[in-house]
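Submitted below is the structure of interest, expressed as structure tokens.
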Amino acid sequence: MSSQADTRELSYADALLEATRMEMARDPSVFVMGQGVDDPKGHYGTTMNLHREFGPGRSFDTPIAEETMTGVAVGAALNGMRPIHVHQRVDFLMLCMNQLVNMAAKMSYMFGGGARVPIVVRAGIGRSWGQGAQHSQSLYGMLMHVPGLKVVVPSSPYDAKGCLIAAIRDDNPVIMIEHRMLYRLRGPVPEEAYEVPLGKARVVREGSDITVVAISHMVVEALRAVDLLASKGVSVELVDPVSVAPLDTQTILASVAKTKRLLFVDNDWTIAGASAEVLAAVAETFQGREPVQVRRMGYHPSPCPTTRPLEDLYYPSPEGIAEAVLEFFPGRALDRENSMAERPELSEFKGPF
Amino acid sequence: MSSQADTRELSYADALLEATRMEMARDPSVFVMGQGVDDPKGHYGTTMNLHREFGPGRSFDTPIAEETMTGVAVGAALNGMRPIHVHQRVDFLMLCMNQLVNMAAKMSYMFGGGARVPIVVRAGIGRSWGQGAQHSQSLYGMLMHVPGLKVVVPSSPYDAKGCLIAAIRDDNPVIMIEHRMLYRLRGPVPEEAYEVPLGKARVVREGSDITVVAISHMVVEALRAVDLLASKGVSVELVDPVSVAPLDTQTILASVAKTKRLLFVDNDWTIAGASAEVLAAVAETFQGREPVQVRRMGYHPSPCPTTRPLEDLYYPSPEGIAEAVLEFFPGRALDRENSMAERPELSEFKGPF
Amino acid sequence: MPTGNDGNLPDWPRLYHALYRIRAVEERIAEIYPSDLIKSPIHLSIGQEAVAVGVCEALSARDIVFGTYRGHAMYLAKGGDLKTMMAELYGKATGTGRGKSGSMHLMDNAAGVMGTSAIVGSHLSNAVGFALAEQLKGGDRVTAVFFGDGASDQGTFHESLNFASLKALPVLFVCENNDYAIFSDSAARMAGARLHEKARGYGIESDCIDSGEFTEILEAAEAAVASIRTGGGPRFLEIKTWRAMEHVGPSADDHLNYRPAEAIQTWSRRDPVQAAGSRLAPDQRAAIEAAVAEEIEAALSFAADSPFPAAEELGAHVFAS
Amino acid sequence: MPTGNDGNLPDWPRLYHALYRIRAVEERIAEIYPSDLIKSPIHLSIGQEAVAVGVCEALSARDIVFGTYRGHAMYLAKGGDLKTMMAELYGKATGTGRGKSGSMHLMDNAAGVMGTSAIVGSHLSNAVGFALAEQLKGGDRVTAVFFGDGASDQGTFHESLNFASLKALPVLFVCENNDYAIFSDSAARMAGARLHEKARGYGIESDCIDSGEFTEILEAAEAAVASIRTGGGPRFLEIKTWRAMEHVGPSADDHLNYRPAEAIQTWSRRDPVQAAGSRLAPDQRAAIEAAVAEEIEAALSFAADSPFPAAEELGAHVFAS
């Protein structure tokens, strides 16, 4: 990681655009498709002007027909291409679960290795304001249930670029979950092409008292919680799984073996999701032989409401995360009044979408 | 449960048919729709002749258009009806995840209580022979992730009838997962209408040494494992969750608190599924304060192969379950040679489907 | 609220009131939006009002409508309550969905507004199902479903037309064809015949109105509703229209040059609200506008004065009971 | 294997060989099935062979086909290997999918059989995508996709036609219209115009062959393939045919009386294998049949003698590497 310190900074969105451009330039089989990828906004800038640079055959708008367009991507992959299919929102993947789960995830196996489906499915998640029940889901907890799918959830510009390059070069279906509140986040990104291995967790912050695992935008929120905890004498080890399928439980469990405490901050519902899987792995690994304390938090178990006061309760917050950490350490508490994190990506959001 | 002892026996399929007929007779808003429900096989007999008895408007075939037909059921429910939508296989629900997840599961909440969606979605799962990657999934582990959906997995004729009646009367979307190898299973079924509460686990067999939780057809397999263990001096408490959403963790945890051992035999992939959720609940509840041993088993984490030798490895078996139980008790082992369970529903299956 | 048409000449004052009211509400929403009182995406129907008003004028109060995230016009035209709508946009407990709906999911059971969805195309089948239930129950309500040209890209559009025709269901499909799905024009998404022609392929009697003329829309809708009501099965209306503002948000976006200047001009000349207003005497028009302004300010006060939902509301209504 | 047609008269001995071979293979499969050597559902094409052979005859060896669980005929007509197919049905490691495919997921890359799917309609878009890639790469292979009438119920049928037409893709849609989806006749599922007419609604040139006549099928397929190959964009063929056996399994099921007796008789008179065979001299025919019988027995021996996959195979190929 130290080598990154010197590198130039890019936004998460620009890191994705750069990864795409580099791979498209390197490999003529890579192309981009999706609703609005060639429009004036270029999916938050991540596909901006690719159709101009590489021609309209390699970055094109599609009908609003998720099932079939996903099937088209699968078919193109069977013919040697490496499509990147972009969706504004993961909610819309519910329309192409059949192609993802029954077709893409199955082909390599059900044809005994006779087919490969190198597709990348990029899907946005996350709040801004008032997106409501149908535009606020994360659903990686559902997708990771299916053998044959890879699901990555990068939280930094560095991982965004590296995961996307790795996903493009992977010979299997890879779903990339991108939180909209990350697109403008800036961070060091090397200029060259590099792969972030799919299936390797990243220790974001080393610590010794408690392991906090956080996903996607919750990594940003958890870092804020760590700051709020600065004066509380709690040493937090923050782990970002980066990928939920495959899931690097080894790195997480190694951290938990050290700290004996785990707080999982999910960016999704927790029931039968990523946090359930990791807590189950803790139960399996320690078999109650050691006093390992665990807790998970995530989206409130309901659809997402639109009004801000309820939205604020629906999502884990830096203060809520910090408080949850402190509950592992009886006697220490957060002074809420003087502990409100700055969250510019949320407070500066002014709509409309 | 003792009252059941005297009652007449029915097959699981007939129990479903009886539940449907009783509810259709009681409530004119109940109707049945689905591919082939009015055909000569009547979905394994479960919808047999309903169109004759109640007229073609109340039990009808549909186009092969899962997304729209589910939306039709949702719309009919909004207009006061209680549709039962029957699918040959849960795999096909991947085509209507949008209606289930984005529409049916959301409407009550996103309209602030202004809408209710009393639909029942019945879906078959399970092996017979060589069904392969696209016709062997269970996926309740995926469906239970979504707030707003209820998901039930009855394993006995008694629960089949009672759950279906409860599901029909419930004002919310209820998905009922039916294993094909259960349809011919016989058991006591009271003649009157009764509801099995959705969200209440059932202790199938009381015991003190280990809690085995099994789902759907795995309850049958686990009972066979219990028989294989008869001479091994292990007292098994067998728990059937009956419903995975809501999931009655309380009953399961109470059993585990007693036995300090949990084997979860899933009828699905385990990753981020029902077994993960329950093991996570164990970790949360006991916090490593007591030496609770846990293990889960389920489908092999791959698509399902068609050839019998691999299929036999893909699914948990009575012998495999018994061995897994014995691994909790060092020094005791199963004599495989003399311990093969009879499994008539599998051995007598002769195709074609 | 329009209460059905009796075959006489259009009642222009009433119609202008309906059209102007929607316009004025949405312009006021656009004005308020930068103040952040409305923290929810808004998709305005400015320019498209004639479709909602024309069709709802042909419906009776008991009839049912289903619509999209671009639903203000339909909601108001069908008689949805303005106060609870504004409270909903403000995220208040008195809103149509107690603050859980926002602009995209308006509903008003009493007015027959069965809800609006933000998943493109997904509500068509719900409307068809509602109509199926109506048929099964022997009721006489007509269900109308509003959707954009973009929704017809979805397979469910075809599946829904097919099933509606197969069962001769009492449903009116209303395609608000504004030629764009966000920035994507229909030529980039659709091949072959026009939508109303494709609908005919399912044996559904279909009409198209390309002029934007209110009376044409009204007449076509009345004929369609009358036929549906008397057991004629589903009907389809493709109504060309024009979105004056950006896809989502309070502003215009024609500076992005994604739509032909000529079409922009043509449709600006066809503005349905101006067209209706010009039929009235100036003082009559002014009186209507003043009444509307008053109603809007009252609704805004109601919204502003209402409380936000309490924390307990977060867990309520996950399930109906 | 058919190697494309040169415009001369049909080569009946070769065609009869192709047709009869499929029939004989499937009849043998039906015969074996009760012995439980094949532990996987079988969907026979008996009665429908003319479609697969007619279309594949028009394709070149390098062209591509996608099909369904009812895929034996297409697989064989396109040149798929019989030995590995039978080994697959027996669940053996030497099978097309190493025992993981069964009858429903045959594939033969070398022969251009890109795979078969058991989710009704889901492979249409895959074929369209394959053709898109071919266009992007500037290749000249034609992709043909076989599907049943039931598949057209699915929205993806429409979405796929639309996108293929929009991009003028080199894809041939082949609807094997046997009028039934399991027990459900098309009238219970489809409203409006016939499928090839609906295809025309997307601007796709379409043909229908209702007679079951092999030469008509062949000629229509040749015309369609020639047009596609020279950049004419997608084409659509609706070919009426008849499934002689039950939907799934080795037996007939006409005793269930779900299909009109008249139609059963008509189509039995039209049996494409008999029709082709009757064009040959008896000894020529007998020689072909004997050769086929020998080939089948060799394939069955190969299958029987092959080992089952080892346990390690269970975890292999979840991901490609």
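The first chain written gets the first letter, and so on, giving A, B, C and D; residue counts start at 1 in each chain.
To be clear about the criterion, a residue touches a chain if its C-beta (ideal position, glycine included) is under 8 Å from a C-beta of that chain, and two chains touch if they have at least 3 such contacts.
Predicted, not measured: the structure shown is a model, and the values here were computed from it.
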Chain located farthest away, centre of chain C as origin (C-alpha): D
Chain centre separation (chain A, chain C; CA means) in Å: 36
Separation of chain A from chain B, taking each centre as the mean of its C-alpha atoms, in whole Å: 32
Inter-centroid spacing, chain C versus chain B (mean Cα positions, whole Å): 42
Of all residues in chain B, the ones touching two or more other chains: 62-63, 65, 67-68, 91, 94-95, 98, 102, 109-110, 132-134, 147-148, 301-303, 305
Multi-chain contact sites of chain C, meaning residues that touch two or more partners: 95, 97, 99-101, 105, 117, 119, 153-156, 159, 162-163, 166, 188-190, 318
Touch-based graph of the chains, sorted into line, ring, star, complete or other: complete
Chain B residues within the chain D interface of the complex: 35-36, 39-41, 61-65, 67-68, 91-92, 94-95, 129-135, 300-303, 305-310, 313-314, 350-353
Partner chain C, residues of chain D touching it in the complex: 153-159, 161-163, 165-166, 188-193, 197-198, 200-204
Chain A contact footprint on chain C (complex, rising order): 33-34, 36, 38-42, 91-92, 95, 97, 99-105, 117-121, 150-151, 153-155, 181-184, 188-190, 246, 248-250, 256, 258, 308-309, 311, 313-315, 318
Chain C partner contacts - residues on chain B that touch it in the complex: 31, 57-58, 62-63, 65, 67-81, 83, 98-99, 102-103, 107-118, 147-148, 150, 171-172
Sites on chain B touched by chain A in the complex: 67, 91, 94-95, 97-98, 100-102, 105-106, 109-110, 132-134, 137, 139, 141-142, 144-148, 245, 247, 260, 269, 271-280, 282-284, 286-296, 301-303, 305
